[in-house]
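Below, chain A partners chain B and then partners chain C, in two separate complexes.
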Partner chain A sequence: MRTRSLVLSLFGYAALVFILAPIVIVVIASFSPARYMEFPPPSLSLRWYREVLGSSDWLGAFGSSIVLAFCVATATTAACFLAALVTTRRRFVGKSLLEMLVQAPLLLPNAALAMALLALLVQIKGRGTLGGLWIAHCILVMPFVYRPLVNGLRQFDLGLEEAAMTLGSPPLRTFRLITLPAIKPSLITAFAFSFIISFDEVTASVFLVGVNYTTLPVKILSDIQSDATPAIAAVSTLLMLLTMTFVTIVSRMVGIGRVIGSRSGH
Partner chain B sequence: MRLSRAAFLLLLPVLGMILSLGTGVFALIEQSFVGADGLSLKAFQAFVSRREAMSVFLYTHQMALLVSAICVVVSFPLAVFLVRKQNQAYVLLIMMPLLVSIVVRTYGWMVILGPRGLINAALMGAGITTAPIRLMFNTTGVVIGLVHIYIPFATLSILTVYSKIDRSLVDGAAALGAGPWRVFSRIILPLAMPGVIAAASIVYLLTIGAVVTPLLLGSIQQMMLGSMIYDQMLVTFDFPSAGSAAIILTLSAALAILPLQLADRWVTRKLPAERS
Partner chain C sequence: MPEVVVHAKAVEKKYRDVAAVRGVDLEVFRGEFLTLLGPSGCGKTTLLRMIVGFEQPTTGRIVIDGRDVTEVPTYRRPIGMVLQNLALFPHMNVQENITFGLLTRGERKSAALQKATQMLSLVGLAGFGHRLIHELSGGQKQRVALARSIVLEPSVLLLDEPLGALDLKLRQQMQGELKRIQRQVGITFIFVTHDQEEALTMSDRIVVMNAGRIEQIGAPQEIYDHPETMFVASFVGDTNVFAGRAIATAGARVSVELPALGQTVEVQGRGITPGMAVNVMIRPEFVALDDQPGAPCSGQVTDRTFVGADIRYSVTVGNQNLEARRPHRPEDRMLAPSATSGVTIDWANGIAFPSAA
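Let's turn to the complex of A and B:
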């Protein structure tokens, strides 16, 4: 019994090391002064951070990604919230079909989904534009946003709304003072995670960006393919730092359990 | 029941997104099925008759099988470990990589596996090899990269089901004299089966659709469907071929997942009704 649980623990820690290794390695590699990537770095320097923070290419791609992620998170959270309000309160013909179609982006293999989104953007002439990527990312992110919002609304006690209305509160006031505060943690979580998914997305985006419009992860990908300097490691580290800060703030706001739970719908 | 007009208006934005995706899928199908001379299956015949395309197709499914198998075998004990630890922090550590873009994680593996990377530096430093050994730009690299990305998904699927297994069944079997192996094979594994099947399905689907990891860690001679579509679309600008490859990818994904879904139904039916 002893040895078996010892073996299990060793395996568990080994798996943890495996899972965290590439992330830790990227952080260490980002402090290399060398022109080309080598590990371990010969010495430590901030050369590539200076390079990245002084480069208009990197900052531009970063800006595009932030704007895109913000638009995507706002639109998808709002759209899915409105839909979830209806599907959690009304029974109607075609409801289960609708809920299945919301999950459709998860059922398509990523490469095929990317091609379908590309075909869409070619039709509406949105390839390589902020508007086009916005629509594409909203579709990609929709399943991840809809599920937690539905779960949040299901836990909400409709009796509270009824009580407020019985006491003479008009519907909009009830919504603002009763429903919205109760559902706020779900909304924040949905917003935060659609932001992160859009901000990190690369598989579909690489098909959708254009010469004049690119996102940060796509720029990282094309840089790895072209010159692969440690600048990529520096950008990646900054990116992770930003995401972690963001997640920490959000989990302080709504509780860490909810944050893990919402990502598990993958 | 019919929806009121107000309720329908609330559904409109999501309906718009679904319709947009539908438009894209339809356009993709149209481009692959409809040629200059009307409806045709030429693009598919072309795919099937090209030796390289078929070899990419088979290789992709072999990789999906291999990666799902490895993920299940690694994730099962990992899920057991996490349940025993009873500590949310460990679960968080496993989930943390999900917050990091896959292009960054794949880059991390390039730093570890590359010719001047961590492993080769260690091997040469210890004098085990004199020249760097090839760990990426081949199947090994892609398998490591994909397994790493998909383990959190697989672990989470198994963890959810495993943590709900009634401990009294396990203790009861042990008290009645069943050895550890028998307890595992007759009690734990069947009860955890829905989680295992879910994990395998998710990883299979994700692997055959992967683009970035096979692109960066794989060899150019042996592409996967995802990296072939990338190549046709963004390097040789062959939209029709990429389109038909995407449709073949989707259809074969559905066919591959189907047996797993049937197995899931069968397993769930065999399990005793959940006691509350």
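Let's turn to the complex of A and C:
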């Protein structure tokens, strides 16, 4: 019995190491002064951090990604919230068609979707622009945002709105003071997810970026292919730091269980 | 003539082709405790929701305080409501729940807080203002829901089976509390329940509903002693029913032949003509079991239930099953199951109704 539990916990720790090791290696490698990525680094230096933070290429890509992710998150959260509101509360003709359309991108391989979007964006001259990527990302992100919002709204007790109305509260006030506080966690979760997914997206973006407009993940990808400098490790480390801060803030606001839970469709 | 607070005029509600409420006319008087009683699906909750304004009548009007509110949205009607699941706002504490309506109305915060404090002591929750909703027991939640509505002094307060979720003891306690609070604040209550005992103990008047219609309106005792339809007789209180045929009528009395007992008895009955097929109802307390000789018929005890103050017997007379009830006294001898006993029925308290067929 004791040996079994010992083996089991050893296995558990081994799995943890296995998951964390590449991350640790990237972080350590980012402090290398060498021209090429190597592990362990010959000595420690902040050279590549200086390089990255002083490069308008990297900062530009980072800025584009942030702006894009923010626009995508705002638009999809708003649109999916309205859609979820209608589908959870009203019966209407074409309801299941609407639900299917919103979730259809899940069924298509991202690369196939990107090809289709490329054809579209070339038509409307949107390739390599913020607007073009915004359209593409909104479509890709929508299914991930729609589900948690529907779940959040389904759990909401409509009796609370009725009660507020019997207490003399008109619909807008009821929405602001009763409905919104109750579904705020779902909204924050939806926003955070669409932000992260858009910020991370590379498969479709590769097809759609242009000479003058690229996103951070796409730039990382192309840099790895051309010259793998420790700059990439430095960028990755910075991104991890950023993501961790972001997730910490969100989980403080709504609880981490909820963030993870809603992604797996609970 | 008492003042009418709520007047439902020829109200009908249809969902597609199914009528949930059919041609209901109802006047509710200022300050009374009125109960809508009926089985689930009888339309009582639909009627309530139309008075509140959650549902629109298909035809007919709703008048509150002399004003036609049929087209007026819920939040502009002078009503309050305690919902079945109470629907307390989970993200607010007790005090915030109670002041919500006052602040919505534009009252000053200090005035609202003062009223909330008064309300809390009225419902017996003084000092609970800062509690969170999930920290309250079932009974305490009831009180908060009540306080939240009463503080707005509505013309009428509607309660949709609010005691349904409580256990028996707490339920009885809350029934008394509700009644006390209602008398104290003098607000008109319309209470919906399917529990006839609850209706009998709490109401000034009861409206018995069935299949979307009102069967009878009356004081609890009137409903119990003088049911106007077979449905009311069997839904309110326990009842024995005999099938028979009317032989002769004289004013409000009818002679009925009962094949099951081989007897002809004289009971109450209106609107019955000789020859009509009727059902005769008699309450278990009018069926006496005794060993005295000279009882008009005899029966066999099939079951006995001791409920403390009463003993309930099931007796078979001929091929008819009968429920009898008698007050329990320690010195009385209880009848054993399968014992044979004389059966005496006080037919003067029987009522004949034309049978539905």
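List of remarks:
Following the convention adopted for this analysis, the second predicted complex is superposed on the first by the 246 of 266 C-alpha atoms of A that agree within 3 Å, B and C clash if a C-alpha of one lies under 4 Å from a C-alpha of the other, contacts with A are read in each partner's own complex, and residues count from 1 in each chain.
The definition used in the following text is that a residue touches a chain if its C-beta (ideal position, glycine included) is under 8 Å from a C-beta of that chain, and two chains touch if they have at least 3 such contacts.
Keep in mind it's a predicted model, so treat the numbers as computed, not measured.
In the model built by aligning both structures on chain A, chain B fits alongside chain C without clashing.
Between chain B and chain C, B contacts the larger number of chain A residues.
In the superposed model, A:Ile178 makes contact with chain C only, not with chain B. By the touch criterion defined above, A:Asp157 lies against chain C but remains apart from chain B after alignment on the C-alpha atoms of chain A. Shared-chain residue A:Gln225: touches chain B; no touch with chain C. Contact with neither chain B nor chain C is seen for A:Arg252 once the two complexes are overlaid on the shared chain.
Angle at chain A (Cα centre) between the Cα centres of chain B and chain C in the superposed arrangement: 100°, in steps of 10. Using the contact criterion defined above for the overlaid structures, shared-chain residue A:Thr166 touches chain C, although it does not reach chain B.
Here chain B and chain C sit at a least CA-CA distance of 11 Å once the structures share a frame through chain A.
Common to the chain B and chain C interfaces on chain A is no residue. The residues of chain B lying in touch with chain A in their complex are 1-3, 7, 10-11, 13-18, 20-21, 23-25, 27-28, 31, 74, 77-78, 80-82, 84-85, 88, 90-112, 114, 116-118, 121, 148, 151-153, 156, 160, 180, 202, 205-206, 208-212, 215-216, 225-226, 229-230, 233-234, 242-243, 246-247, 249-250, 253.
Contact residues on chain C toward chain A in their complex (touch as defined above): 52-54, 73-76, 79-81, 83-85, 87-91, 100-101, 104-105, 148-149, 152. For chain A in complex with chain B, the residues that touch the partner chain are 4-5, 8-9, 11-12, 15-16, 18-23, 25-26, 29, 36-40, 75, 78-80, 82-83, 85-86, 90-93, 98, 101-102, 104-105, 107-123, 135, 138-139, 142, 146, 196, 199-203, 206-207, 217, 220-221, 224-225, 228, 232-233, 236, 239-240, 243-244, 247, 256-257, 260, 263-264, 266. Residues 157, 159-160, 162-171, 173-174, 177-178, 181-182 of chain A are the ones that touch chain C when the two sit in their complex.
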